[in-house]
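Both of the next two complexes hold chain A, though its partner changes from chain B to chain C.
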Partner chain A sequence: MTYRADRLILAHFGVAFAAFALAILLGAWQMTVRSGLEPAFTSPEAYFASVTAHGTIMGYVMPTLFIMGFGYFVSVTTLDRPLPSLRLAWAGFWLVIVGVAMALPAVFSGKATVLYTFYPPLTGSVFYYLGLVLVVVGSWFWVGLMIWAMAGWKKDNPGKPVPLAMYGNVANAFLWLWTTVGVAVELLFQVIPASLGWTQTIDIGLARTLFAWTLHPIVYFWLLPAYIVFYTIAPRAAGGRLYSDMMGRLSFLLLVLYSLPVGMHHLFMDPEHGTGFKFLQMMLTVLVTVPTLLTIFTIGASMEIAGRLRGGKGLFGWIGALPWDRPMVLATCLSFVLLGFGGFGGIINMSYGMNAMIHNTSWVTAHFHLIYGGTVVIMYFAIAYEFWPKLVGREPLSLKPIRLQLWMWAIGMVVTTFPWHILGLEGQPRRVATFDYTNPMIAHWQNWTIVSMIGGYILLTSGLLFVWNLLTLYRGAEADRQMHYAVAVYPPHRVPSALNGFDLCNGLVLFLMLMAYGYPVAQFFFIKDYPALVHRVDLGN
Partner chain B sequence: MSETSPLTPGPIGSDHPASDRSWRIWTSVFIAGFVLVSLVIGFVILPWRSESGVDPFTAICRALGLPGSEKIPPDPGAAKASAPASNVTWTIETNRLLSNASAAKGTALAKDTCGACHGEDGKSTDPEQFPNLAGQSQAAIFKELADFQSGDRKSDIMAPIAQALTREQMADVAAYYAAQKPDDLRAADSAVMLKVDLLAREGDPKRGIPSCDSCHGPSRSGPEDAPLLLGQSAPYIEKQIGNFGSQTRHNDVFERMRTIAHQLTPEEAHALAIYYHGMPASN
Partner chain C sequence: MAPITNEQELQKTEFRWAMIVTGAVTVLFAVIGISSFVMALHPPSHVESIDPATVSQSKEFAESNLGTSVDPDGAVTVRIIATQFAFVPRCIPVPQGKPVTIRVTSPDVIHGFLIAGTNANTMVVPGYVAEVRTVFGTAGDHLMPCHEFCGLGHSEMWALVRVVPQAQWQTDADGKARCDISR
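Coming up: the complex of A and B.
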């Protein structure tokens, strides 16, 4: 590994985790407000400003910066060549930073309390939206660089399989490009003109459709680094080999295909679409279980190989033989367990009929926190613990606080989100600042809300411990700066071009998007509908 | 996804472009086939089977969500309902009219005409007959004036006054009264039973009655034209609930208030009126 981009990657990770620390602080405060324990803290305006900031950071800022840094790291270490343009990479980074500097002040000043899903006709300060556009445009620089890097490598290595981690990384770049189309169109053609006062009405059916286009696959964009690490780092960390390189490629490809044409499962209760398209998108949503199950199988098998190589015997003996003291192994296991719970909730959400029970309740909030916090972010921690020593050339002082941090995060996630599942089934609405617990009908909700608040503080403690763990790294001993990825049991010599590039993948995505969204989007242009009046929170109307 | 793909571990792929082609073909066939099957189930089989007596074409149109193909049966009362409760609609034009209105221009009108009954400062000279207007929502005042003008709301006193006004004047005078400061009051929750307090704040789901506050409370999150109730005199509120209940008053869009008032007992209407009559906030 001759080429490095350490400063660039550390800048991305550093800002991502600094923003993350702020966002978990806000999260814990929000739970305190909802618990009703401290009525003095309770102001809906402050609450919604906080929820908007929390969602904006956790949804747009932290994962985007993290994934950009992750992508640069993977590109440099797997291809063993410099980034195509370090200057463009820094330009993308600074665009994101400028975007964040525009968006967050608008939120904290109460001028954009529209939540990160910004469903119009609620509209806030234009700086909020322009800031987010810059974040997205900055991330497009990364998309371009990743595609460029892979193309350059392929040109110099004709016929050779692209390293699996890089293949997954570029899959995520294409996924992100497709994903952001929906929200970019919504912002540029609908929301920003409204927030500038150029338009007084907004077609909310179209806006919600465009946002659903983005809102489902964005989760897979966050998730893909975790999957890449399951395949390319976790088996090595466990002391074994990857069971199948092919399964990894197939899973990445299928995740791109089946995460995009499915967002309408967020709109099952919406009136603007016919039942037929909702059904089609539900069917396509079901398919996303295929790459997930492939992954659980392949990683389970890879872990078994590792366990047996370490002397594990019998049907389950290999599990005990795994090196559980290694953060990567522990995090992978915790992430799988939480993915199990989150995935179960997700199957309820995406079922056309059952969705009605839990629509707009705390159940949904619980589901996406489990997937995001439980499955994704815990792997981001593990990735940071893996990459940071390589970036700064220092060993961690001790693995103990690292393991403690991961355990606390997983436990905190369960304690926070399980009560929300229960409350959701009892009908507690989401996106509500406060509840009147003196009302006997909902008085018992308060107990569960307090439990989840405790979970929030466990998460906050864990998150701060994470930052502490990274900082203490700088006092550690000299470390090996070489990055090693997992080797497959049978390393591939040549793979089908469909699994070594993205032509077929993008063609199929285009086809699926046309089928799933072609008519549902087009109908807004020929069916007479009634646009809604824009409400400007920044002007107070 | 392809039958030809080796899903078992081993040296994968080959140097034959034929393998590439079969990947391409089988993946596309699988995906197109899956979409086709889903389309047939979602657009033909399910809609057709779940709605008897419908030809497949209509069933497909419904699954597409095409307007005009809904399964809402023709409403026998449609002719009656087609006479609108009010001519006021919350279009861009109406909103622009209201936001361009000038409270200053409304002052003279309020002093010369309205003030005699409703008070120059919006505090009624006889609140049992004439509602207080100070701090009332501009949209609500405008809508009532327009309804008096069109006859959708009947009043021998208000009809000729409203008929003499232009829409701009109505918007101006509504803006004037909306800007006046009302008395500092809060709901008289201690004067009524908890049941009534709950009715006002939570509604009664068993009877399908939404909370009064959800439209008439300080957040005014209901329809644009819902007036604030706090601070009107109890007899006035009780009379209006009664009028809605007996259909004497019928300028509520979608019959919202008629439906609710019809379900309230006289005791509840009386208690709610006391509740919204309010008490001094400093108590």
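Coming up: the complex of A and C.
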């Protein structure tokens, strides 16, 4: 590749993973508190500030910065042209950094202990909310640059298919733009005015609905880079080809469409919505499984091609023939397995009848840690291991610690989350700092909580080994800096415009969002409802 | 490349998989549809508003009216206020094997509860009355933790649901039932 933005991308990845290391440390500590083994260091102030910081970093800071860096890398390497404006890209980066520098001190000083989901009418320091707004605004610079980059390339290459990785990348940019609308409106029109003291009450039904708008698709925003890599890097890493380029495009498009109008499944147990729209959004949620099932098939088939090219025979012989020593192949497989576990839990959550068994229990925590940590972050590791050598021009010293790190992460995820599933079914609520294990009714919860704490420390060790692996890279031999993507078995010469751009996609999203959220949002302006009084958490007691 | 000889074959395989996906999604739709419409399993979705500022002055959620009441027609209703950081009342007796309606609201922030070992579960959002209808099958004590972060005292916010066998079920002259937490 001729054009580069290495420093920009490394800056994004560097801050993302530094914040990540801090957040997993907090996660392991939180599990220690819950286990009841170390009551000396336990206070609700520290615990809930830690939960807020863990969620804020893992939900908003780490993935946003990582995905921005990932997008810049994909744009430059697939289009083989510079970013439309390096200056705007840096401006976006610095906005995010300033935002983080405003939000995290507010959290760690205990002035914004509202969890990353805000939960108005609890109201904390305005610096927390303004900081997050800056993070989002900074990421909008990235959205604009990705759309601009693709538009410029298409203009110079009329009729040619946009490279698949870039197509997925721009799909994610549009997805993120739609996703952020809900939380941006909630923060700007409800939470921040309250936090500044301009308003004394907040309409909680509206706030929860707007947050639900964001809360589901944000997960797909995190997930899309993993999917892009499944299609465009993993098949090549395995020594084969992508089974179908078109299926990749279709999956990306469907992920944008079906991940957006479904957030109300987070509100199944809420009293401010009737069953009608809960049912509608549940049905739409079922459809999110479609792009995932298509992906499992296409990537499975691509891997089979690779295995057979490497001499694998028979119905399953190709699996053993795959190059398991390569981190990308190993991570893809582990990610799929953990996606299976996480997806199973998710199907229970999205069925609004069964959800009543486990709503707001540790089961839910288990589900989203499997999806986020198990499926998404393990692929972020693999992406870092793939891109970092290209960015710094160095080969890893050895693949062994890399494989060890990936295995430890996957095992840590299982050890952490399987006990949570069991505890959730027994009614253990999430987001509770300490349990009275002397109460015989819940005494038996402690052993499982200790098991998941051990899982937390396995994850922490793996996370630190990841950082170590990246640092030791700088001592490696000189590497080839050229990035190669997987080629489809039958590379497309022409694709329908619906799968080469996003006009139709955005039109359909608009329609689906109006259908799914039009009434649920509008009802708060005509039903007789009462706002709640603001409850400040940052003014002392 | 052994597995694929031409593009048509590839598309045929994809089509077959698409049929499997359609089948899987249809099964999911059917399971949810049947449980919703035939078995009438719906989440609590009782859009009923109440002013959180005056909850305790309302007739229904006045302190004397909280807890378990049995109407003359035998209907059992439990009224609870969820507030930072307690449920009022803290001990909730209910008769075993009879339909029970639980009505909860919050005067301050968001709460929620589940009753361990049952499917009773709801969010409690200030401004709304959450209503859960259920039947308690097993006699004995069930923990009822607040399951949504409501502030620094959240971890201490627990109530107890005591499911009483019908033979031992008693109410006073006003149709109220009470219990004590002693442990």
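Going forward, the second predicted complex is superposed on the first by the 539 of 541 C-alpha atoms of A that agree within 3 Å, B and C clash if a C-alpha of one lies under 4 Å from a C-alpha of the other, contacts with A are read in each partner's own complex, and residues count from 1 in each chain.
What we mean here is this: a residue touches a chain if its C-beta (ideal position, glycine included) is under 8 Å from a C-beta of that chain, and two chains touch if they have at least 3 such contacts.
Keep in mind that what you see is a predicted model, and the values were worked out from it rather than measured.
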Combined model on chain A: chain C and chain B, fit or clash: clash
Using the touch definition from the top, say if A:Leu287 reaches chain B (first), chain C (second), both or neither. both
Between chain B and chain C, whom does A:Thr361 touch in the aligned arrangement: first, second, both, or neither? second
Of the partners chain B and chain C, which touch A:Asn439 in the superposed model: first, second, both, neither? both
Check whether A:Leu122 is in contact with chain B, with chain C, with both or with neither, and answer first, second, both or neither. second
Looking at the overlay, does A:Leu397 come into contact with chain B only (first), chain C only (second), both, or neither? neither
Touch test for A:Val489: chain B only (first), chain C only (second), both, or neither? both
After lining up the shared chain so the two structures overlap, which partner does A:Leu504 touch, if you call chain B first and chain C second: first, second, both or neither? first
Could you look at A:Lys528 and tell me whether it touches chain B, chain C, both or neither (first, second, both, neither)? both
Is A:Thr275 contacted by the first partner chain B, the second partner chain C, both or neither? both
With both structures placed on chain A, which of the two partners, chain B or chain C, ends up touching more residues of chain A? C
Under the contact rule defined above, give the chain A residues that sit at the interface with chain B and also at the interface with chain C. 243-244, 247, 272-275, 278-279, 283, 287, 439, 441, 489-490, 527-528, 533
Residues of chain A that touch chain C when the two form their complex: 44-45, 48, 51, 113, 115, 119, 121-122, 203-205, 208, 241, 243-244, 247, 267-275, 278-279, 282-283, 286-287, 289-290, 293-294, 297, 301, 304-305, 308-309, 347, 351-357, 359-361, 426-427, 429-435, 439, 441-442, 489-490, 527-533, 535, 537
For chain B, which residues are in contact with chain A within the complex? 1, 5-7, 9-15, 19-20, 23-24, 27-28, 31-32, 34-35, 38-39, 41-43, 46-47, 60, 62-67, 90, 92, 95-96, 198, 201-202
Partner chain B, residues of chain A touching it in the complex: 159, 161, 200-201, 243-247, 250, 254, 257, 272-280, 283-284, 287, 436, 439, 441, 488-490, 492-499, 504, 507-508, 511-512, 515, 519, 523, 527-528, 533
Note which residues of chain C are touching chain A in the complex, please. 1-4, 7, 10, 13-14, 17-18, 20-21, 24-25, 28-29, 31-32, 35-36, 39, 41-53, 84, 108-110, 112, 114-117, 119-131, 141, 143, 145-155, 183
